[in-house]
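Next, two complexes with chain A in common: one pairs it with chain B, the other with chain C.
Let's turn to the complex of A and B:
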């Protein structure tokens, strides 16, 4: 403790679990927006990541409410948010935004996109597996050209609907913090936008990592044009995200409101490692420079020509650094916003506990859980498009040949 | 709502009854009611607090009241009796980070430096000041929930577990709160805390269980210098209305538009 804090500010009320919440939802929104690049904006290069991105979004969305639930004083009462929501409360809308996103956007899109495959798996499998896939088709086994066309256009329209939904999902998370007028570190109209952009950054980076890892694990060659394109989009997203963060910073500094002194102390002291070193230097500037130099972001040719092998490593490294940076950003918002007193006269300390519901161990568990769910989803719904019915006749011939 | 008492055990012993009630009569009724111990009987004999009745035996009508508090920092001596009384009256744990009310001490030095402290919320008083010659002025400021007319804590509660009563008091329904702590984050005054025992948000209630009986909050009653004045905000001749009329009044953090109903007399600009 340093200076004066209100006696009730002795403890932090939102801990690592609440850091996880915007981090996980951000990955969902980001991964979905990446998927929509292929579907709606016809960026054909990133096609190999389309389904992986969808499943990633789904896996992380399933886990996203868990840290919130675990954090509640009375988890058994959480259903009240649906039954008697306070219409004036930003947080009350979470359940609805979440349900909309899960049920209407993600599940529907996955279903339409996979229906052809589900039918294929159903027809080719035997025993319980056959019935499992039949259940997943919901009985819609019609594979006529007309119905496949309908799948495609339905999927496209859901994606079109999904883009504003993804914006809503994560912009809304930003609003939960940005609308707290009592807290000058949170209260900013830019907060939802910054959250959204950082979500896109983290989502693209995650899919890039997952794509590389899964491809290597399957012993397949990495599709380099796809990777180059992903890295390029990652770079663009970082540029916009960084610009917004700098704008926010300059705006605060220039307005120099009464909170500026305590916030400066916060940044120079308590948040130095997580904000200046991890978020800004390692998580943003290093990837910014690396990707800026090695991707096709400015001209048809990159500023520095790097051999493929090295480029892959650099992209992977940048994407991992971006993850660290974005996680730090969520930490700096959630925890940073509680490290200074609302009397603006002092700073408090955050002690991370290891065990316990709000501890480091459960945070790590909740970070790994979506990866496990993703593994399951990939087992059930292989996203690689390698089934015989997905191959063009010439490719089938080549495989058989 | 469990705040409105349903049996006589909730009437705090030793509470001072308002004028017009005979003390002996009151004690007699209390004893009789406690001995009988049957709510029906209590209602008939008109024991305070039963069926929402005041100590005068009248039925309490929340629509006829609108409460606030006046605080005169110049009168506060930092004895901490209000904090103690509140902890006792409301079963507030005597641990760190659990205060419905607390007292802050401001020390403004000759060079303009401001030092604020509130050891244990001022519950046990304050340590002696060193270097008195270097001090321009020092004073105490009692703090509590401002029972805002536009409370951000009520706005953010996802399930509506915290609400404003008709008589202008901000309360939490313990049986409904999900414990998300958004309200604690939204309060600009640090007036809310988390009650580990019940896993819900907690705060000053203006001693709602007392005021519905016509009693004043415990902190007001315990204050030896009458630095706190509780009562009706509206009207012209009520004690609080007079306090507001005859003093220069400030509220805390007015720029946030929370419209606090705790009114400070001649407040120093350093107080946040």
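Let's turn to the complex of A and C:
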């Protein structure tokens, strides 16, 4: 504690779990937007990551509300917000955004995309597995030309619908913070946009990491054009994200409201490590420089020609740094906003607890849980497109690079 | 029509039907009558057993304490604020006894020094204020007054005295720094006590080289050329 704070500001009410929540939803929105790039804008190179991105979004979406449930402490009551919708509460309405996104966008898109495979697995499997896959097809086993075509166009339309939904999903999270008008660290109209852009950054980086790890784990060669393209997107997203955050920063500096003094104390003191070092230096500038130099962002040639092996490692490193940076950004927003007193005269401290429902242990658990769910999903719905019915000669070439 | 549409339609219809059915079953009947909550909740809360009796109830039997309290400075503090919820005691005065909060810790919840309390609220530094004797030895909890009439300097300079009593200088008497002729008390405006004029005065206790005691500074360099009280309020010296 330092300076003067009000008695009720001594303890932070929103802790690590609330940091985790925007981080997870951000990954969902980001992974989905990457998937839609392939689908709607027809970016052929990133096709190998399309299904992986969808499943990633699904796995993280399933876990995203859990931190909130754990934080609020009465998970058994959560269904009530659906029964008695309160249209005047943004937080309550978010339940519906979530349900819409899960049921109408993600599940439907996965279903349409996988239906051909589901039928294939159903036909080739035996025993309970056969019935499991049959249940997943919902009995729609028709594989006629017309039917498959419908799958394709339905999937495309859902993606088109999904992009604004993904924006809504994560824009909402920024909105919740941005609309707290009593808190000068949060209150900003740029908040939803900044959250969204950082979501895209983190989503792309996550899919890049997952793609490399899974491919290597399966002993397959990494598809280099795909990776280059991913890294390039990541670079563009970082550029926009960084400029927005700088805009926000300059705007605050120029406005110089009465809160500016305590906020600069906050940045120079309490948040120095997580904001300046982790978020800005390691999480943004290092990947920015590395990717800027080594990707094809400046066509036709990258600024520095790097051998493939090294490039892969650099991309992987940047993507991991980006994850650390984005997590720090969520931390800085959520925790930072509660570290200074409303009197603007003092700072409190945040001590992370280890055990306990809001502690580090449960945070780590909730971070690993989506990876486990993803592993399950990949077992049930292999996204690699290696089934016999998927083997068109041209695609084999594409997959194996 | 392709096969998918009717199948999905069935699934979604079932989902919506479940939601609507759940609404029918689970929403309490009185929900929404008076607002976004269950109106019957008011009744179920009203049905809770009453724990507080209220000050008026106590006054019927404890007229003495009630009178004393009304005359003193705790007139704004309800009986059950200190004695705890006492409705059962009112029902059966001999069976249930309210708590008697006669520890130092209890009074200190309201009276320990805290910068966020309103200015002028009577506060003490618990570690210094007559530790460890119980407060009730000197103050009547129902009508607390300082047990001695403020005399000497604090009679007129109460605010300074009170502030000093909370500060690092609590132990210093006024006379250490002020020479006050007795006549100052009769004609305070015409006979003025002295006020410190030199840094050396503070130096008698704070200059480096004095063994033990108060925190030390180098008189030659610290805060030169200003007077010490340009930076430290002498009756409540702080270093931040």
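Quick note on the criterion: the second predicted complex is superposed on the first by the 387 of 401 C-alpha atoms of A that agree within 3 Å, B and C clash if a C-alpha of one lies under 4 Å from a C-alpha of the other, contacts with A are read in each partner's own complex, and residues count from 1 in each chain.
We take it that contacts are C-beta pairs under 8 Å (C-beta built on N, C-alpha and C of every residue); 3 or more make two chains touch, one makes a residue touch a chain.
Given the structure is predicted, the values throughout are model-derived calculations rather than measurements.
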Fit or clash for chain B plus chain C once both are placed on chain A?
clash
First (chain B), second (chain C), both or neither touched by A:84
both
Once the shared chain is lined up, is A:142 touching chain B (first), chain C (second), both, or neither of them?
second
Which partner does A:72 reach: the first (chain B), the second (chain C), both, or neither?
first
For A:6, is the partner it touches chain B (first), chain C (second), both, or none of the two (neither)?
both
Looking at A:94 after the superposition, I want to know if it touches chain B, chain C, both of them or none. Which is it: first, second, both, neither?
first
Could you say whether A:180 touches chain B, chain C, both of them, or neither, answering first, second, both or neither?
first
May I ask you to decide whether A:151 touches chain B, chain C, both, or neither, giving the answer as first, second, both or neither?
second
Please tell me which partner, chain B or chain C, touches more residues of chain A.
B
Superposition on A: which chain C stretch among 26-34, 62-70, 116-124 or 152-160 collides with chain B?
116-124
Determine where on chain A the residues touched by chain B overlap those touched by chain C, and list them.
4, 6-7, 80, 84, 86
Of all residues in chain A, those that touch chain B in their complex
3-11, 13-14, 68, 71-75, 77-78, 80-81, 84-86, 88-92, 94, 176, 180-183, 337-338, 341-345
Show which residues of chain B lie in contact with chain A when the two form their complex.
96-99, 102, 104, 114-118, 120-121, 143, 152, 155-161, 176-182, 184-194, 198-201, 256, 272
So in the complex, which bits of chain C are touching chain A?
2-4, 7-8, 10-11, 15, 19, 22-23, 26-27, 31-32, 36, 115-116
Per the contact definition, I'd like the list of chain A residues that touch chain C in the complex.
4, 6-7, 79-80, 82-84, 86, 103, 108, 112, 115, 138-142, 146-147, 150-151, 154
